[in-house]
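The first chain written gets the first letter, and so on, giving A, B, C and D; residue counts start at 1 in each chain.
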Amino acid sequence: MSRRIITALAAAAAAAIAAGGATSQAQAQDVKIGLILPYTGPGAELSPQMDKAIDLYQKLHAAQIKPYKYTIIKRDSKAPNGAAAKVDTQELLTQNKVDVIAGYIYSPDAIASAPVITAGKRLAVIMNAGTAFITNLSPYFIRTSFTLWQSSYVMGEEAAKYLHAKTAVVAYTDYPPGKDALNAFKYAFEHNGGKVIDAIPAGGPEATPDFTPFFQRAKDEHPNVLFVFVPAGDQATAVVKTYAALGMKAAGTQLIGTGDIVPDNMLQGMGDAAVGLITVHHYNADLDNPQNKAFVAAWKKAYGPDSTPDFTSVGAYDGMAAITHAVHATKGKIDNAAAAVKSLEGWKFNSPQGPIEIDPKTRDIIMNEYLDQVYKGKDGKLHEKVLATFHAVKDQCKALAIGPCAPKK
Amino acid sequence: MTEVRLETQGLSRHFGALVAVQGIDFKLAAGARHALIGPNGAGKTTFINLLTGVLPPTHGRVLLGGRDITSTAQAGRVKLGIARTFQINRLFRGLSVLENVCIAVTERAGAAGSMFYPAGRRGDLIAEAMELLRTLKLADAARHRVSELPYGRQRLVELAIAIALKPEVLLLDEPAAGVPSAESHIILDAIERLPEHIAVLIIEHDMDVVFRFAKRITVMVSGAVFAEGTPREIEANPQVREVYLGQAAQGAFHG
Amino acid sequence: MRRHRLRWWEALPWIAGIVFYFAFPDYLGFGCELLVTILFALSLDLALGYAGIITLGHAAFFGAGAYTVGMLASYNIWTEPITGLLLAALVAGAIGFLSGIVLLRTRGLTLLMLTLCIMALLEQAANMGAAYTGGFDGLPSLPIAPLFGVFDFSALYADTQYLFALAVLFVCFLFVRILVYSPFGQSLTGIRENVSRMHAIGSPVRRRLIVCYTISAALAGVAGGLLAQTTAYVNLAVLGLDRAATVLIVLILGGYGRLYGAFIGAVIYLALEHFLAQVYPTAWQLGLGLMLVVIALFARNGILGLAETLWRRYENRRGPS
Amino acid sequence: MNFATDIAGIVLGGLAAGTVLFIVSVGLSVTMGLMGFVNLAHGAFAMFGGYVVVLAMNRAHFGFGVALAVSFIATAALSVVLERALYWPLYRSGELDQVLFTIGLIFIFIAGTTILVGPEHQTLQLPAALSGQLNLGFVRYRTYSVFLIVIGVLIALGIWLTFERTRIGGQIRATVDNRRMAESLGINVDRLFTITFAFGSGMAAIGGGLGAEFLGLDPQYPLKYLVYFLIAVSVGGLGSVIGVYYAALILGVLDFVLTLYLPKGGTIFIYVLTILILLARPQGLFGRKEL
C-alpha cells in the first residue's frame, strides 16, 4: 500500500518536473538568469550596488537585449560559508531551470558551487568573487570582476617605480583576498627593488578590528609606504580614519592600497582624511571615458545624486554585458554552456572601466588598472584623479602559475 | 555504649575570618536516634556539609567506622554509607516520583553507568523503588511529576531518595521544614519507621519532633558543641534553656 | 518508566524522510542540509537537553569532524564515506574528551563562554593553518568515494548523499535513543534536574558529564563529516559561531531534552528560512525573528513544549479518564 | 620612538579600545547580574543608539553631544517599551527561552534596520575638535582616544557613585546579592528592573555612538560584537560595574600590546586570555557569585 503511494507521488513529481521543462521550452525568447548574492549577513551591503547595476544595464541596453527577455531569479547566499550558495545553485539549476547563473560576491560561495555548475552544465558569470584560482574549478566559469593579483601587483610595481619607495609594510585582512593582495604586492614590489619589512594580519573580514595597534606597529617601523588591503566596507573607513588620526603622513609614511580602501560609494563619508591617498584599481566613478560618463549620469538619474556606482557595480554591469553577448552569439541557446563559454572566450567590450576582454585561456578578465589619487574638488566633494593607466592587465597569479593558480593537470 | 559509626575529631571550618564550625568532637552511635539543635547560624548545616564532604574541613578529621574519610570525596562517602537530605528540597522536579527514587536506587546498585539497555528493563530496581514508595505511602503518586505534589509529600520524596541509598548513617537537615503543621505528622511517621540499624542524625527546630524522636541531643551554639546528653538532661539544663531559647520561645520547650 | 518502548508515530519522521526523497528530487540538497542539522542538533540535545551542559561552542566538534573528512579527502588519503565518518567521530570525540576534562568543572555563563572561546581558538588555528585547511576559501571539490564502491555522490541532485545522510541519521538516532533511556541517560537527566542532589546520592557527576560530552562531541563530528561529504566542501564557517548559535536556536525552538525537538526545530527553522528567503531574499530575517520571539513568549521549552502544554489542557478539559 | 612614548602609545591605545568595550557592555553586566536575564540582544540597543546618533547628526544636523543625549533618551524609551511588553513575561522562564527570544529580537533589529535605513554601513563624522592628534606634553596621541578614555573614567565613576552612594544604587546591589531578600525588604524589584534596563540600554546607545569610530555601524552590529560584550561581562563578573570596567581595560591593553608585538597571532589572544582568566576565576575577576 505505502509502496503504491510512494510510486504515485514519485510519478506526480516527475510529471510536475516535465511540465516545468516544457514551459521553459515554449518560451525560448525568455532567458532565465539565476542571481546569487548575499542579501543578508555580512555581505548585505554590497548586493544593492550590484542589483542596481544589473537593473540599470537592462534599462540602458533594452535595445541590445531584444528580441530576448531576461527573467532574473534572486537567491540569498546568506553568510559566506558556501553552503547556502551551493543549495541555491542546485535549486536554480534543477527547479527553476535557469539558463545562466550569475553573481557570487564571496569566493567560498563560488568555490562551493563549482561542482554543481560543472554537473549542471550552465554558464556561470562571477561578478565579484576574487580568489584567483576559482576559474580553474569549473570550465563554465567566466569572471567579469577582478582578482586581487591584478590591482595589488600593479601597486607593488608602482610603489617602487612611481613612488620610489624602498621599504613597505603590508597590513591585510587575514583571509584569502588579503593574502592574495599581500603576495601579489610583495612579489611585484620586491622584483622592482623594494623590500617588504613587515606583513601584519589585521583581523578577520567580519568584525572591524581596532586598527590602532597594527598601524602603530607600522608607524614605528618607518616604512616609505604602508600598503593596506581590507574589504571595501566599514573597515575601509576605519583604516583611513586611523591612518589620519595617528599622524602617519607627517611621520613620512604614505598610505597606499587597492581601490578597496577608497570605494566610491563611501568616499564622501571618509572626509578630508582620505585626501592624498594613492591606490590602484580598475575602476573609480570619476574615470574619464564616454561609457563611464554615461553610466554614472544614468546611475545618478536613476538612484539619486548621492548614490554612486563603484567597482562592484561595474563587475555586475559587465557581467550582464557578457550574458547579452553570449545570448546573441548562441542565438538564444545560452543554456548550451560549452557554446556560451566559447562565445565569450576573447570577447571584448568597452566597459565604463575602459576596454575589457575575457582571456580565452583562463576565462578570466583582462582589464586596465589605474593609479589613482584622492583630491578635494571645487564642489567640496572628494574625487579621484588618474595618475597613470596600465593597459590589459592579466591576473598575474595565473600568468605566473603561483600556488593553486597553476592549472590542475 | 554501642559501637560508634561516625565520629569527628576537632572538626573546624573557617570562611575567611568567620569560624563557622569550631573544634567539634562528635560521636554518632550505630542505630542512633540523635538530634542536633541550636539557634540559626549555629553552624549545623555547615557541620552536615563537612560530614558529607561537600566542604573540606579547615582542621580536624571525620571517621566512619573508625576509618579516616576526611579526604574522601562526597560521592565516595555516599558509597561508604552516608546519606543526607536537604533543608530545602533538592529534587528532580521535572521527573516523576518513581523516577526520582529510581535514579537513587540505580546509582546505589552501581548500574547508573550502563548505556545499552533501557532503564525500564531493570524490573528489580523499579520494584525496589516501588516498595520504598509503598512504605512511605507515596505509591499512589509514583507516576506524578514531583513538582505537582503538595509540599509535604515532596518532603517525603526528599526522604525517600536518601533512604533508597540504603545508608548506615542518615543525616536529616530539618526534614519537616516548610511543611504545614497539619501535614508534618506524615514526615514524622516516616522517620519513626526508619530501619533500626540506621544511625540517624536529625537537625530540627521543632522541639516536638526532637523530643518525640531523639534518644540523644547535641546542642550547637556559635559553631561549637554547647551541650550533649539525653533529652531529659538537655531539657533540664538551665544554660541550654537560656542560650538556645532566649526569651521569646519560653514554653515552646516541652513546657 | 516504559517510555523507551517504540510508539507508532515514531515511524513518521522516517517515512516522511523517504517520501521526501521521491516527492522532491530537486530539493535533496536542501534535504541533506536539513538532515545534517538534525543530527547536529541531536548531538547537542544529548549534552544540553539531557545533561544540562550549556554550550555555545558545539561547532568546535562539528568543524573537527568536517575537517577530518575534508582534509583526508582533499589530500586523497581517505575518501571512503562510512569509515570517514567513524574517523570524524574519533577526532571530534577526542577533542570533546580533552576539553571536557578542563571545562566541565564550570557551569552556567562561565561554561558557555569557555566553550565559545575554545571554538574560536580552533577557528583561528584553522585560519592560521590555511595552507592545509584552505582557510576561509575552504577545500574545494572534495573527492568522496562511491558508497559501497557503487553509488556515486551526485553534485547536481544530491540523491545518494540524501539517502546516505538519512541512514546515518537513523543509526545515530537509534544510538541516542537507547542512550537516553538507559540508566546512564537517566542519571544525566538527574544531573540536569539537580546536580547537587546527584552528588548527594554518590553519583560520579563529573565523569558522567565528560562521558556524555565526549559522545555528544563524537556525534557532532559525524554531523560535520556528513556535511563535508554531502556538499563536497568544507571551509572555516564549519567552526563558526554562526553554526553553533544556529544549532542552539534550532534545538531550543524544537524543544530540548525531548529527542524529537531536534527534528521539529530543524525542519521549521530551516524550512522557514529557506522558503522565506526565496520569496523575500532581503527581508526574510524579519519573519524568522518574529517567529522566534513568538515561540519564546508563548511556549515553554519550544514547539514540543507548547504541544505538550496544549495536549495537557485538552486532556484536562475532557476530564480525568 | 623611545621606550616611554611606546609605552604611552600602548597604554592609551589599549585603554581607548577597552573603554569602548566597557561603555557598551556595562549595561549588559548590570541587567544580567540583576535580573539573571540572558539579554543577547543588548548589542541591538547599542546599534539602535548608534543609528540615532548618526541619523541625528547627518540628517537633522545635531551636534555630537546633543545627538548622544537624544540617542540615550530614545533608546532608553524604546527599551522600556520592550521590557514591559516583551521581556517582562520571560523573567521567570528558563535561560534558554531567553536566548531564543533575544536572538529572535536581534534578527528583527537586523532586518528592521536593513529595511528602514538600508544594508550599507553608516559613517559618523566626528566634530573637528575631536579628530586629529592632541599633544599631551609627553606624547602626541589620537585626540578621540584620549577623549574616550576621559569619558570612560567619568562614566565609571558616575555609575560607581550611583551604586555606592544613592538609594537606588543600594537597592540594586541588594537585589544583585539576593533577590528574595530584597523583595522581602520591600524593594520594588519590578520597578528597579525597568529603571536598570532602561539605563543599561541607554548606556549601550551611548557606547554605540561613541564606539562607531572604531567599531563601525551597520545592521550586523548586534551579532558581530556579541562575543566581545559577553567576554567583558563574564571576565568582569556578573553585576559588577567596576569589574566590567577593569576587565575591559585589562583586556583592551593586553590585547593591544599582544597584537602590536605578535600580530601573527591574530585575534587569538582575547580568547586565550578569557579562557585563562575564567579557568582561574570562574566567577570572573570581580564577581562575587557564580555566573
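Observations, loosely collected:
Following the convention adopted for this analysis, a contact is a pair of C-beta atoms (placed from the backbone, for glycine too) under 8 Å apart; a residue touches a chain by one contact, two chains touch by 3 or more.
Since the model is a prediction, treat every value here as computed from it, not as a measurement.
Centrality by Cα centroid goes to chain C. The chain with its Cα centre farthest from the Cα centre of chain C is B. Separating the centre of chain B from that of chain C, both taken as means of CA atoms, is a distance of 42 Å. Chain A and chain D have Cα centroids lying 36 Å from one another. We define each chain's centre as the mean of its Cα atoms; on that basis chain A and chain B are separated by 72 Å. Among the residues of chain C, those in touch with two or more other chains are 127, 282, 284-285.
Among all residues of chain D, those that touch two or more other chains are 110-111, 114, 119, 264, 266-267. Chains touching one another form the pairs A-C, A-D, B-C, C-D. By the touch criterion given at the top, residues 1, 6, 9-10, 13-14, 16-17, 110-111, 114, 118-121, 123, 125, 131-133, 140, 142-145, 213-220, 224-225, 228, 256-257, 259-261, 263-264, 266-267 of chain D touch chain A in their complex. Touching chain C in their complex are the following residues of chain A: 2, 6, 9-10, 12-13, 17, 39-40, 44, 47, 74-76, 78-83, 86-87, 90-91, 93-95, 107-108, 111-112, 114-116, 118-120, 131, 137, 174-176, 179, 204-205. Residues 48, 54, 102, 105-110, 112-114, 116-118, 120-121, 124-125, 127-128, 241, 245, 248-249, 252-253, 256, 282-286, 288-297, 299-302 of chain C are the ones that touch chain D when the two sit in their complex.
Across the complex, chain B is touched by residues 1-5, 178-179, 181-187, 189-190, 193-194, 196-205, 208 of chain C.
Contact residues of chain B toward chain C in the complex are 52, 54, 74-79, 83-84, 86, 90-95, 98-99, 102-104, 106-108, 111-122, 126, 161-162, 164-165.
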